[in-house]
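We call the chains A, B and C, going by the order they appear; numbering starts again at 1 in every chain.
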Amino acid sequence: MQTLPFDTVLIANRGEIAARIIKTLRKLGLRSAIVYHDADADTPAVSMADTAIAIDGCSPIAAYLDAHQIIASACRAKAGALHPGYGFLSESAEFARAVERAGIAFVGPSSESIELMGDKIRARRFVQRSGFPVAPSAVEEDDPETFPSRARALGLPLLVKPSAGGGGKGMRIVRNLDTLDDAIAHARREGLRYFDDGRLYVERYAENPRHIEVQVLGDSFGNLIHLFERECSVQRRFQKIIEETPSPALSPKLRKEVCEIAVGIARSANYRNAGTVEFIFDGREFYFLEMNTRVQVEHPVTEMVTGIDLVAEQLHIAAGRPLRLSQSDIVSKGHAIEARIYAEAPERDYVPTTGKILMLEYPQREGVRIDSGIVQGQQITTAFDPMLAKVVVHSSTRRDAALASERVMRELVLLGCETNIDFLARLFADETFLSGQIHTGYLDENPHVAAGQCASDLPAVLAAAALLTRPVRDSADAVPTLHAEIGKWRN
Amino acid sequence: MKHSFALDVENYELWLSPGQHGYRLHLDDEVFAPVSFSHELDGSGTLVIASDTIPVKFAIDGDRLYLHIRGRTYILRYRDQLRTLACLDDQASHLVARAPMPGVVIATKVSRGDVVSGGATLMLVESMKLEFVVRAPRGGVVERIHFGVGDSFERDSALVTFSEEGR
Amino acid sequence: MQRIVSRVDTKSQDFRLNVLHNRRLATELKERQRSARFDRPARDLGRLRQQNKLFVRDRIEALLDPHTPFLELSALAANKAYDGEVPCAAQIVGIGIVAGREVIVHADDASVKGGAWYPLSVKKIVRALDIAIENRLMVVHLCDCAGGFLPLQAEFFADRYHAGRILRNQSVLSKMGVPQVAIVMGHCTAGGAYVPALSDYNIIVQGTGAIFLGGPPVVKAATGEVVSAEELGGARMHTSVSGTSDYFATSEMHAIAIARDIVAQMKRPTKEAIPQSAPEPPAYDPSELYGIIPKDPRAQFDMREIIARLVDGSRFHEYQPRYGQSLVCGFARLHGYQIGVIANNGVLQNESVLKGAHFIQLCDNNRTPLLFLQNTTGFMVGREYEERGITKDGAKLIMAVSGAEVPKLTVICNGSHGAGTYAMAGRAFDPRFMFTWPHSQISAMGAEQAAGVLTHVKARQLARDGGRLSDQELAAIREPILEEYRERSSAYYATSELWDDGILDPRDTRNALSIALSASLNTPIEVPHYGIFRM
């Protein structure tokens, strides 16, 4: 690899993605610098980084959203580039501009692209104008007066969404027009709360659609390629749990079609660096959903099947170099599935859980990649997103990859905090999932996956618990042998 | 009095008794014997139950016990009978809001028959020149207000009694 | 030690008839016990529920360690008294395991006459505390007693072994360093108030528990003061103001959990180290006891057959097997503990009595507890025996039994009559525990002989007045005498009067004796010393 014009990269992120970026930096011989809030002081990313700079804020999240402190830290660390990861400031055009103004290369697209795609309504309009399909929709700000009637005219079911945002926040499905007003009020409240933006739009909701997205890479010279699709249909509360590639729903023809649409959209937007174009797929057509202008959580599945290090490519592009790959270099081999391990209780409606990681043992196997941001002894709090780690399994077929994933879930030991690991194991063994008949409503339609099962090894579990609990053992040891041998006897 | 563990939403009662080889585990009417646990490395060991030998990973955090057995994770909580039983009955005693110190009633904020939720303000009282709020220890229907404005009361006096009706 | 070779033919007609008979007796015993324990008027049980009180048996089950035994003592106390209306004498007493410790549980049964103390209730409690003193057993009192039953106060109030003895025994226990824990689960009034107060630890249940010398009615009558039970002696007051109680419990189960935790803090008594080996069940099935105990109480049977169904591995080291054969003596093991067995195998004669006295001293020297298995009509009478000094030799045996320092356990296996009752460690000789079998008869003389004597006396009185009685008239006099005599020499009458610690199903005897023996070893065994043996 040619030498890059910077030798230090600041990571403006935390957790597993920070650790994952550091791994690539090391591979490329670059120095890593990281900013961290005190709550993350003991996390692997902070100990892995060559330089770690503490930042603070009124909450841990606020610290990672403080552009001023982060850019100052990047200058202090003499970083020539800044990788924003995902979330936090990764999709802030203002931040990208400020980074560039400070003379630091922003590892991502131009601030214009971020601005264009960051606003969902603007992005939809742009895509529509460029001649690509979007779902029928009504946008409030077009004419607030007629918004409710336009929304109704779309026909049921509807999906109400805040214009800003993502991560499923504020989204509401409407199946009965009587509840439309409530859904609008709710979406507005959530939009204001999370994104300080009360603008809304409503689109026709495809029942049980699939979520298909395409990974693209572009350089500053107008070269654009795709790295095939990912399917992320297994979701709960509009948030992805399982991501895989290739999608079991696509024929080669459909795959070609969606990848070409994605490249077309990116090309129209003059897109640079790594991005993801998301679609809703109803079995026949792809409707543009949004474009994410950053590295995605689920990027490792693409890396596993293509053998390409996306972060390395991002850095290469950010250094102003042309793409090193042409479309024909990109070959997808086998099947990769990613499962997100969350600190949450699927049995109790996926409520987030907390705890301290008392034991953490990842199985080491061929074809298994685990991107983890946690370490034994770490306290899991509700301060951040509850995602703890990602398990990515690469195998020759989808079924093999799923069954291998199930095995990893059964072997993985994470004690001290309730997680969705057992749920993931059940999911990977579920026949419907294995058949590939998945869609965004899959978990709602198959509540047995989340419901858990009664303990099959109850006597063994209780025996272990009893033997490991001092008062239980003590009370047993206290009983005189003679009386223990007689047992429960009454005269 | 047996030992009790909470697992998910269930409580399980059990008793361990010494046997000739290891222990005996009593669950309801079933007995599993012998049972034994041998510690290996930190946090791992081997459970023997009847004729089964099962590797176990475990972590203990206070009354919480995390077990990884046969590919599944179980989170159990040891329910200390002393504490559980005391708490159970705390709830029963919560049907009465009592005075934490002697004082005088300044104002009552509820009337007989009112449905209140836990934490609701019931009374303003004055004690040692300080005003403080008497709150509902839990939700219920106000059955009786024992003191009127201006009345003085002793420490531990019942101030307001609730019934559980309508809950 | 050799295994006893049983000579019993379990296929024989006699054996089968005996089994039928004795099984019926065992079933009858269990049914009477069940009824005494559980049959209560619905209104009494309803009242308990209303008061939010648990039935006393459930309290005890919660107190005990699960899957451990409970040896209930004198369950049929008062079964022949007070028209049968005070089952168990309104008291439950037994030895059980609490937090791994052997304890005596003493519980008032509020479902019987509000837990009122009758004369036999007092006798049962005093006996429970005597057991605690003799065997250094911790006591847990579950107090729920309405007070003494006043119409019968003359029979339980003032005398040496009356109710005051309960408080005196409590004080003695405390002085000995044997802890007592009381749970106040109902009103403890007047004398009853001292039971928790004299316990080293006590717990009081909010709402239902109260302690006072005079209850609200007494206070009102005495001073005119109107006060509620809760204010006068409730949990809040006694734990935060008077200090009469130590622990405040919000419910009975909470109180029981606290009591278990207190017992768990107590140091264990060091058991007397006597020879011990791994326990072994008897080689012969203890159920065969039913076929060995004869249907006819006058029929002889070999006591070795009984021993073979009680002791470890049915192994027995017989001492002087060829001498004084009407008393079988020897060493055996009971649940691993070495014991010396002394069992009647016929009428006591000079040789058997001398052998017994000698064997007791051997055991005493060897720290070996003694088990007496009674089946005795007494000592041999007649000129020849008096000349050979049967009374003198009998005195030796009584001296040895009285003086032996090792724990003694007694089981009446069939008849217990005459001086044999005494010489074989009867109740008066303070065996640590004494049990009977359901068919046993206990009396100064056998029923037939006694009825004969009494009929003879009556006939003589009538004859003095000039009459001479026909055989029919004689029978008419004899029958009621025999009937009453039989009734009052029955095991049920004996246990009603607390002459023993309970009737056992023969099959339960091994466990009962093992638990009793283990308890008895809490007390150090003194160095042997005796009075004068008349030579």
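The working rule: contacts are C-beta pairs under 8 Å (C-beta built on N, C-alpha and C of every residue); 3 or more make two chains touch, one makes a residue touch a chain.
Since the structure is predicted, the reported quantities are computational estimates derived from the model, not experimental observations.
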Chain contact graph, described as a line, ring, star, complete graph or other shape: complete
Chain pair that, of all pairs, has the most C-beta pairs in contact: A-B
Cα-centroid distance, chain A relative to chain B, in whole angstrom: 38
Interchain centroid distance [CA atoms averaged], chain A/chain C, Å: 75
Shared-contact residues (touching 2 or more other chains) in chain B: 15, 17
Sites on chain A at which at least two other chains make contact: 475, 477, 479, 484-485, 487
Shared-contact residues (touching 2 or more other chains) in chain C: 65-68
Touching residues on chain B, where the partner in the complex is chain C: 1-2, 15, 17, 24, 26, 81-82, 85-86, 88-90, 92-93, 156
Touching residues on chain C, where the partner in the complex is chain A: 65-72, 75, 97, 99-102, 264, 279, 335-336, 502, 504-505, 508, 511-512, 514-515, 518
Chain C to chain B touching residues, read off their complex: 62-63, 65-68, 206, 236, 250-251, 253-254, 256-258, 260-261
Chain A contact footprint on chain B (complex, rising order): 3, 5, 7-8, 12, 14-20, 23, 25, 27, 30, 32, 35-37, 43, 47, 49, 52, 54, 56-61, 65-76, 78, 80
Complex contact set, residues of chain A against chain B: 347, 355-356, 358-359, 361, 409-411, 413-416, 418-419, 421-422, 425, 452, 455-469, 471-473, 475-477, 479, 481, 484-485, 487
